[in-house]
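Take a look at these structures.
Each of the two complexes below includes subunit A, the first together with subunit B, the second together with subunit C.
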Partner chain A sequence: MAAEAVVTAVDVGMTVEQIAATQLGMKAMGAGVAVGLTGIGAGVAEMAIGSAAVGATAENKDVFGLVLLLTVIPETIVIFGLVVALLLLFV
Partner chain B sequence: MVGVSGISAPYIYICTRMRVRKTTLLPREEYMRMLNMSLPEITRFIGETHYKQEIDELGTTFHGIDLIEVALSWNLAKEYQKILEITPGTLKQFTQAYLRRWDIQNVLTILRGKMQGEKAGKIKEVLIPAGVLDRLILDRLLAEDNTDKIVESLKAYRMYPLVFAREYPLAKESGSFSKLENALYKQFYAEIIEEAGSGIKGGNLFLQFIRLEIDIKNMKTLFRLRADTFEEDAREMCISGGTLTSSDFVSLNAIKNQDEFIDLLKSKIWHKALLTLLEELRSEKTIRDIEIRLTRVQLDQMERMSKRHPISIHPILVYLEKKKYEVFNLRALARGKESKLPSDRIAEYLVM
Partner chain C sequence: MLNPRQMSRLLIAASRDQMAPVIAELYRHNLFHIEDYVDAGAEGYEGFKIGSPLLGASEKSADLIKIRAITNTIAVRADDIDAGPSCSRDELQKKIERDLPLLEREVEELTVRRSKFETRAKDLEEKIAEITPFADIPVDMNLYHGYKRFTTSAGYVSREVILNVPHEMHFSKGKDKNFLVVIFPTEQKSEVDKTLAEAGFQPVPVPEESGSARGRIEFYSGEMASVHKEIAEINKQLEDVKQKHAAFLVACEELLKAEVDQTEAPLRFATTNQTFVAEGWVPADKVTAITNSLVYVTDGKVFVTVVPTDPVHDSVPVEYNNPDFAKPSQVLMDVYSRPKYTEIDPTLMLSIVFPIFFGLILGDVGYGLVLLAMAFGLRKFLNGVEGRYLLDVLRNASITSIFFGLLYSEFLGFAIPGLSPIMPSRHLIAEHGGHGPMIPDLMIISIWIGILHITLGRILGIINHAKQDHGEHRTKAMLANFGWIAVMWGVLLVIWSIVQMPLMPDLTALPAVISIINVGGVAGLILAVLGVLLIARDSVLEVVELPSIISHVLSYARIVAVGFSSVAIAMVINFIAIGMLIEPQLENFSIFSIVIIIAGLVVFLLGHALNTVLGILGGGLHSVRLHYVEFFTKFYKGGGVKYIPFGMKRRFTED
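This part shows the complex of A and B:
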């Protein structure tokens, strides 16, 4: 790994410290993208479910608990994104 | 906000509301129970459902069959006005266009009532202000002295001025508003078809719904004309815009043999459910039975369309139609009980 890094460093004219910093930056960006995109995905999904949930609750208040549960199910996508981000940053 | 699929949140909201509201309509079992009840029991039963507010409000003013009639009308009008209030964007435009039929019905009721010298209060009891002309406007029309002034006032509300200008003098002369009624409904359908086909998003789905309704209406008219002994000009009765053209309509009406009539009608219609029904109608049936069966097929097809397009104008229109038939059923039940008709006879009039 270190030898590859040196070879690469020689090829592109970067020091080992610069390469380590770039790798850390890439990981951080990957983590950001994982959380950001899953957040957008969950938002889009929740828009539809949330609108339907509000509509159903407006007609029948008894379903509030059930529709609240259904509305937050897409949040699991963000949790997956968060787990991926944590794995990227700390493992 | 528009989602990825191009469907906005308010559309999902209103379509869900309509679907939930549809589940609150009375099921078949409740009608069967009501068939075994007396009129006061039916009133009490209705008073425990979503008609409670109207029954409570009107309970001190009206009694018996009048109480049920007026409460049902008020509830239907309130329900339709509420839906108009909460419906967003183009769905509102389509719903408004669809509900204009109630304006025609109300205006014709007022004209007929005034022509026969009925009191304004009596006419008001049978009005259903579910269209664009609300209770206030209808009160203003009711306050007019004669039919000429009513027609004059209608100009302010863009209520088919050309049709009134053409047909009203003839109707007044003959003393019958039936031709004016036909012309108004034909114009109503022509306008909603034009509106649906004007390129507005979702217009195609609205058009499908209207076409099915026109087809069923034309078929009902054809069966009525067959049962009728009077010779009528068939072309005038046909509503354009559906699958059947005016010439199809005239040629179908000219056929006297039932089998030939059904065969030709089947060759013009492409709805699978209608084709099956037409096959069943080969044997002689009463006109009432035919009409009820056609209405059931229409509601069934509308329901299927609303399931195929869950976020569209269809769930709203299906609810409007089903609510209308619930009110018609309850009215038929109450009227039947009032006239002391046997339960199985009343059941024949119900669309369940």
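This part shows the complex of A and C:
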């Protein structure tokens, strides 16, 4: 690995430290993208369900538990994003 | 404990003259869940009719409506009033006859007067709004009307208007729009209207007033103030009535509600000309007590028997049967759905696992203490049973937060000095020579929790199918649930035999069979395939759902993810408040530093307050969701009928 890095460093004219820093930056950006995009995804998915859920609850209060359940289902998407981000940053 | 309270179906038959004492006795016991009689010609009920209310029902209903009208007007709620010394029935009855009509008249008079004043206030408001545009025009309003050959137009225009007909115009320039009043000969109306329309004219009605506009506005405002004063006076009088009669009113309401309930109960019974039959449910252990007391009050002129039931097809009402510490969690169960009578009631598991999840997510001594204080402090403001239960749930959750906070060694995001974490550390930065975040360990712990929780759910699914289903379907459904467990553990075996992971069994050293697949992997594969076959045998479509095993197990990673985000926010707040604002100032202290230190403290307090709210939302909602979505979907259907006994808990009156 180290030898490879040195070879690459020589190839692109950067020091090993610079490459390590770039990789760290890439990781951080990856983590940000993972959380950000999944957050948008979960938001878009919950948008329609949430408004329908509020409507259904207004009609019949008893369905609150069921619609809460349906509303939070897409939340898993952003949790996956967060897990990926944590793995990228800390593992 | 894991089953709802056992119920027996009771059939009560007696002659009609025993109806009143039987109803009164059932009401006093507050245990009999009446099964409403439906006139549908059920077997054995030929010739029966729905009963008619007892004597005096309509008068009592009318009285109750009066009382409720009064309590609504003066906003008295039984929950807000402490139960004082109970009144006896006769005493109250006398008071109702004597005081209620007077009180009703008094309140009605006051409300009628108030609504008159309110209408007047509205009229005045409209008048003021009508005159206001004319305030800037220095013309007596008398001059706007009373002409035979002239017309007055008033309204808003976008720009100044030049008219080619003889006219008198007043124009006042405003910020957004300009106001204009113009008086012109009526025969040239069409021409004027056209010109005005070109300037974007929006007409307003010309008020039928006299005198200067400002003067009128002042006059009406003065009148409005006096009307508001009158309304305030009436409200004060109503408040006095409330102070004086609140206790009497709630006691009356309770008494009358009890009487109306009782007089209307025959509407739910089956009756003939001479007899009546009431069917309903009582807790099995109370059958003897109820039977004995019914026999006692009717001098033995009643027939009471327990009817055999079919728990699957009868809609047996469901009453929770939980130990005291698990009762608060019933609120969370009712939000989802009450269990069916034949189903396992998971309240006990919810009451244990929910606080653990909450503690694992929030896990901070500081936040735990704040929530504990909240759980006790809010008790003063919440009187209802459900509110109290919710606070109890919060209390239990905050205690586990403190416990796990000690295990994580966290206090408002700081590491607790001298206490190294027993659980894997969640601190972003290694403090006090401790460890940085141990994400893989935490992640695997949460995955383990998921695997075990889901396995438990599936086992409960097997038990539920065993209890509820019959014949071939029962076996298939039970085996399908076992199939889901087999697939999950089979996949796990395969993973363990290929990859080595912390906190998980290592099966990579087992003798290899083909390339990377070893004995463990083969066993896992066999288990998984067997599982898929068992699932497909029950329902082929279910096979499509197989990936949900992975998504459901991974969903438990939210225990780490949500908790970690809370730690991260706390650390950021601490860094901004202390590291960036307070500490540098303490090192180079000057007068100006005090301001910045105060700003730092404000950031600290506001930030942690926000994070506490997020902690409740994150910890609470995600823990509940893990139960509702990942756990309950494996075994729980719900939809049981709530047990509503005939009777009430008396607070203000005696029997």
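Everything that follows uses one rule, which is that the second predicted complex is superposed on the first by the 91 of 91 C-alpha atoms of A that agree within 3 Å, B and C clash if a C-alpha of one lies under 4 Å from a C-alpha of the other, contacts with A are read in each partner's own complex, and residues count from 1 in each chain.
Rule of thumb we're sticking to: a contact is a pair of C-beta atoms (placed from the backbone, for glycine too) under 8 Å apart; a residue touches a chain by one contact, two chains touch by 3 or more.
Only a predicted model underlies this, so the values are computations on that prediction, with no experimental measurement involved.
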item: Clash or fit (per the criteria above) of subunit B with subunit C on subunit A; value: fit
item: First (subunit B), second (subunit C), both or neither touched by A:59; value: first
item: Partner chain(s) touched by A:69 [first = subunit B, second = subunit C, both, neither]; value: second
item: Which of subunit B and subunit C A:82 touches, first, second, both or neither; value: second
item: Vertex subunit A; arms to subunit B and subunit C (CA centroids, nearest 10 degrees); value: 50
item: Subunit C versus subunit B, contacts on subunit A by residue; value: C
item: Overlay on shared chain A, then closest C-alpha pair between subunit B and subunit C (Å); value: 8
item: Subunit C-contacting residues of subunit A that also contact subunit B; value: none
item: In the complex with subunit C, residue positions of subunit A that touch it; value: 64-66, 68-69, 72-73, 75-76, 79-80, 82-83, 86-87, 89-91
item: Complex interface listing, subunit A residues touching subunit B; value: 44, 47-48, 50-52, 54-56, 58-60
item: Subunit A-touching residues of subunit C, taken from the complex the two chains share; value: 334-337, 436-437, 439-440, 443, 551, 554-555, 557-558, 560-562, 564-565, 621, 625, 628-629
item: Subunit B residues within the subunit A interface of the complex; value: 1, 3-4, 7, 9-10, 12-17, 20-21, 24
